[in-house]
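Shared between the two complexes below is chain A, which pairs with chain B and chain C, respectively.
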Partner chain A sequence: MSHDTEIQGRSQSQYEFDRRKSAVQMRKQVINFAIMIFLTFVAFATVVADFAPTFIKPVILLLAGIQVVLQLYSFMHMDDKHAPFIGVISTFVWVGAVIAFTFFLAFNTIIWW
Partner chain B sequence: MSSVAVTKKKGVGAVIWDYLTTVDHKKLAVLYLFSGLLFFAIAGFEALLMRIQLMFPNSDFISAGTFNELLTMHGTTMLFLAATPLLFGFMNMVVPLQIGARDVAFPFLNSLGFWLFFLGATFLHLSFFMGGAPDAGWTSYASLSLYSPGHGIDFYVLGLQISGAGTLISGINFIVTIITMRAPGMTFMRMPLFTWTSLISSTLILFAFPPLTVGLFLMLVDRMFDANFFDHTMGGNTIIWEHLFWIFGHPEVYILVLPAFGLFSEIIPVFARKRLFGYSSMVFATILIGFLGFMVWAHHMFTTGLGATANAIFAVATMAIAVPTGMKVFNWILTIWGGSIKVTVPMIYALGFIPSFVAGGVTGVMQATAPLDYQLHDSYFIVAHFHYVIVGGIVTAIFASFHFYWPLFFNRAMSEKLGYWTFWIFFIGFHLTFFVQHFLGLMGMPRRVFTYMEGQGWDLFNFISSIGAIMMAIGVVLMVLNMLLSIKSEPLNCRDYWGDGRSLEWALKTPIPFYNFKQTPLVRGFDPYWIEKQEGNPEGMTYAEPLGDVHMPNNSILPLIMSIGLFVAAFGALYHPDGESWSVPVMVIGLGITVLAMIVRSVKDDLGYHLHAEEIIEIENELYGKGGNK
Partner chain C sequence: MLNTKFTPQTWPEHPEQATHEGKNKYVGIWIFICSDIVLFASLFATYISLRNKGPAGMQFTSQELFELPLAFVMTMFLLTSSLTSVYAMYHLKNYNFKGVQLWTGVTVLLGLGFLALEIYEFYHYVHIGFGYTQSAFSSAFFTLVGTHGLHVIIGLVWMICLIVRNASRGLNLYNAPKYFVASIYWHFIDVVWVFIFTVVYLMGVLG
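Moving on, here comes the complex of A and B:
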């Protein structure tokens, strides 16, 4: 309700707590960013190293999958446990992913066209 | 503010303007209801024409080409433009009331969703007057529709693209509303079943409409710019359309039937005067049906030659859906079992629904058996099956809910006596029409034929079927008559019209004020109104907050303008392949109108307004007399 909105100033200890939390988050983001750069590098490397296509394709797909999950969790804040309705959001994202993956799998394995 | 004028008499112009600009979920529900009813009547009339043509062998009542247009428009209209908006009407009306909300999460988008649907639907129907309707069936298989002359298919593609966007917007709106706008205490496992099924069916919309949008877009590019996505002679693949269509199309039937299940799950406990049996298993079954609905699309394509493995897997997955659906049927029966049953019009529809729907479900499992489907495919057996499911499941739910929720919508009741007549005429007509079609199918009559030769043993059953169709038409006319007569009846001005209401929507006194709840209710358990009644609370609900100012959204004409822009642009796109010189300017103007309206919406802050506590008291006094909603 708009009429009982409360506005509170932050206390000193709250300020310090937030600061420490942001520092931790920043570190996590940088680490994840580094991992993603590394994974991208690995993907390029497999191509440059001229491995067999039967090896390259699944490896790149796997790396892409990991990147998507990292992207969702670290940069799109799905790892934020206290965000409102985060459980519902995760459920929707994962159900959508499972359904999309089923289509992908079905077309690649059982459906002839 | 607009609040004081709410109950005062207004001129016709003001009322029309009010409905064009409204963002109130109850008024949009009325708009959905009547536009849905309009398209239901049109599509029903098309069906009647087809049945008259098929009444006798070698009939020449309508030509083959017209018959193709009629069958296409009948299917398309009934699924996209009649059943969907009618169910959206009930969802709009009932869901916010059931969860104790003052409006949906995005009132502006709610209005935009309606107008996009309505103008898309109007665009599609203009095809009848502008050179021929689409004629490739509601599935519009690419191998047929790419070569359809004239603009029929273009109308189909553009019209469905626009109305599909509206449906998607409304679906997202309902998901957000149900998840974020529930009153304090309304946990997920206390939500009424209709709210649950609306949530799941909105989720299906969210996941299922994008494949349709993609498919329609590819079809658009193929037809208008000579692309070759579906043209096998140029390296495309016509089967891709079938997959995209059915990845959407199969969930679509669950999008429609799940809210219908929800409506019956509301009606049956009220008239059995018993708590819904197996609530948690009902919720589980709803979710499971929604999920499995995405895993079975290829069962529409058994005969395209997917191979034995795919057919076997999809056959088994399809049969698996019978399990959660069976759970639901048994739960309804066990709710009725041992109840103190009160037979009213909504209840008699519910009692008619259970056996009819089970019959449709059983023939569905027959078709899921892939080898048998090779026999049944494209025969009247299929027609009989899906009409048993759609008419027996969805249309009965809609008709029952007209009666059931009419007091909430209009503060009037529909006549019970006329309601019984309608039910029996419609119900008997329905079974006459479609029961014999099973046998026509088994005798080998193919679907979508405009006539047949005599002496094949089909004459009698076709005649019976057409008689049934005429009875169904009479039933619908009686239903509309009943609605019109209710205008003349006395206003009810009561709460809990049926006397045994259980969920929150019945705790409100009609006419429901535009802000719904003067104070947000506190939900203390499943069936909150029932709990309050048991404890003798005369106000019907416990409040979660003191009487205070209420924040409400402002009306807006922008959704209509945005939709008109797309409507105009669609004409430009339609005539562009003909080399008309005006087509590009029309497209630019149309899209310009839409973009301009979007910019206005983005730049101009519209924060709504506050309705003060004194104004609320004043409105309540005006609606319910001194003392307000007591």
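Moving on, here comes the complex of A and C:
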């Protein structure tokens, strides 16, 4: 099962470099989290502030879209170019999104109207 | 190999992808998530179509039913639990098993808080007469949000099992991918919730 795995110890400098790199990455994740929280606040605030629904709806859907893309590419590591089959994974996810949109379109225009 | 003891220095930079099994798990969870996207897509589409639809004279509308403060608190719980899960993965990379267990535990607690609020919400709705069979609207609502709640329960059981079962094992290349995959699944639950609070609660209050 694991005969194809090779474990090599990292040199001290490489190890320190990797540690620093993952600390920097973690800081980026916290910033991404702050952005997500901010987007959530904005979404709730626009609804509470009582703007016209025709304005609010596209805005909060856009905010949700941005937040989800942030989740996928930062927290869920879809930006990791070295992950196994990451190309296949990305294709599946975006095709899934297209199918999701088709569902929405079909249910709201053809099945019920 | 899978049981090899490591030091922070010999621990691979991507422990979740270091073994063949880990790579398979990585791809596997994503294939599951893609099929889950399609499942939730059908439930969302059904909900949007059936919102506020029901028997003549139905007194429930999404405008009056949903409480934004509750939805907001639930969102904060789940969003924060996503960050704590990222912290667990940070410690996983650094071969700090205590950190992994601690932050996975915090994630579980936040998830439990979310679940408690959701159970309260459902109980409240059923109590005021908005039960599952009350209308097309109520069925679509409970199916969509309930399926998400079921995913939360599964995620919580999953993470509790990981914490308990590996408590005395320590971190190795056998369980590192398991923690990683559970974390990816937990983030996906948050992704679905982002759409639920936007489409169901925010747009529901708008009418």
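Here is the rule we go by: the second predicted complex is superposed on the first by the 100 of 113 C-alpha atoms of A that agree within 3 Å, B and C clash if a C-alpha of one lies under 4 Å from a C-alpha of the other, contacts with A are read in each partner's own complex, and residues count from 1 in each chain.
Going forward, contacts are C-beta pairs under 8 Å (C-beta built on N, C-alpha and C of every residue); 3 or more make two chains touch, one makes a residue touch a chain.
All of these numbers come straight from a predicted model, not from anything done at the bench.
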Given the touch rule stated above, what does A:Val68 touch, chain B (first), chain C (second), both, or neither? second
Tell me the contact category for A:Val88 with respect to chain B and chain C: first, second, both or neither. both
Comparing chain B and chain C in the superposed model, the one touching more of chain A is C
May I ask you to decide whether A:Met36 touches chain B, chain C, both, or neither, giving the answer as first, second, both or neither? second
Would you check which partner chain A:Gly96 touches, where first means chain B only, second means chain C only, and both and neither mean what they say? both
Looking at A:Ile110 after the superposition, I want to know if it touches chain B, chain C, both of them or none. Which is it: first, second, both, neither? first
Where on chain A do the contacts from chain B and from chain C line up? 1-4, 84-85, 88, 92, 95-96, 99, 103, 106-107, 111-112
Would you mind writing out the residues of chain C in touch with chain A in their complex? 1-2, 4, 6, 8-10, 12-14, 17-21, 23, 26-27, 30-31, 33-35, 37-38, 40-42, 44-46, 48-50, 68, 72, 75-76, 79, 82-83, 85-87, 90, 93-94, 173, 184, 187-188, 190-191, 194-195, 197-199, 202-203, 205-207
Can you check the complex and tell me which residues of chain A touch chain B? 1-4, 84-85, 88, 92, 95-96, 99, 102-103, 106-107, 110-113
Which residues, counting only chain B, touch chain A once they are in their complex? 179-180, 203, 206-207, 237, 239-240, 243, 247, 291, 294-295, 298, 305-307, 309-310, 313, 545, 548-549, 551, 610
Listed in rising order, the residues of chain A that touch chain C in the complex are 1-5, 7-10, 12, 15, 18-19, 22, 25-26, 29-30, 33, 36-37, 40, 43-44, 47-48, 53, 56-57, 60-61, 63-64, 67-68, 71-72, 75-77, 82-85, 88-89, 92-93, 95-97, 99-101, 103-104, 106-108, 111-112
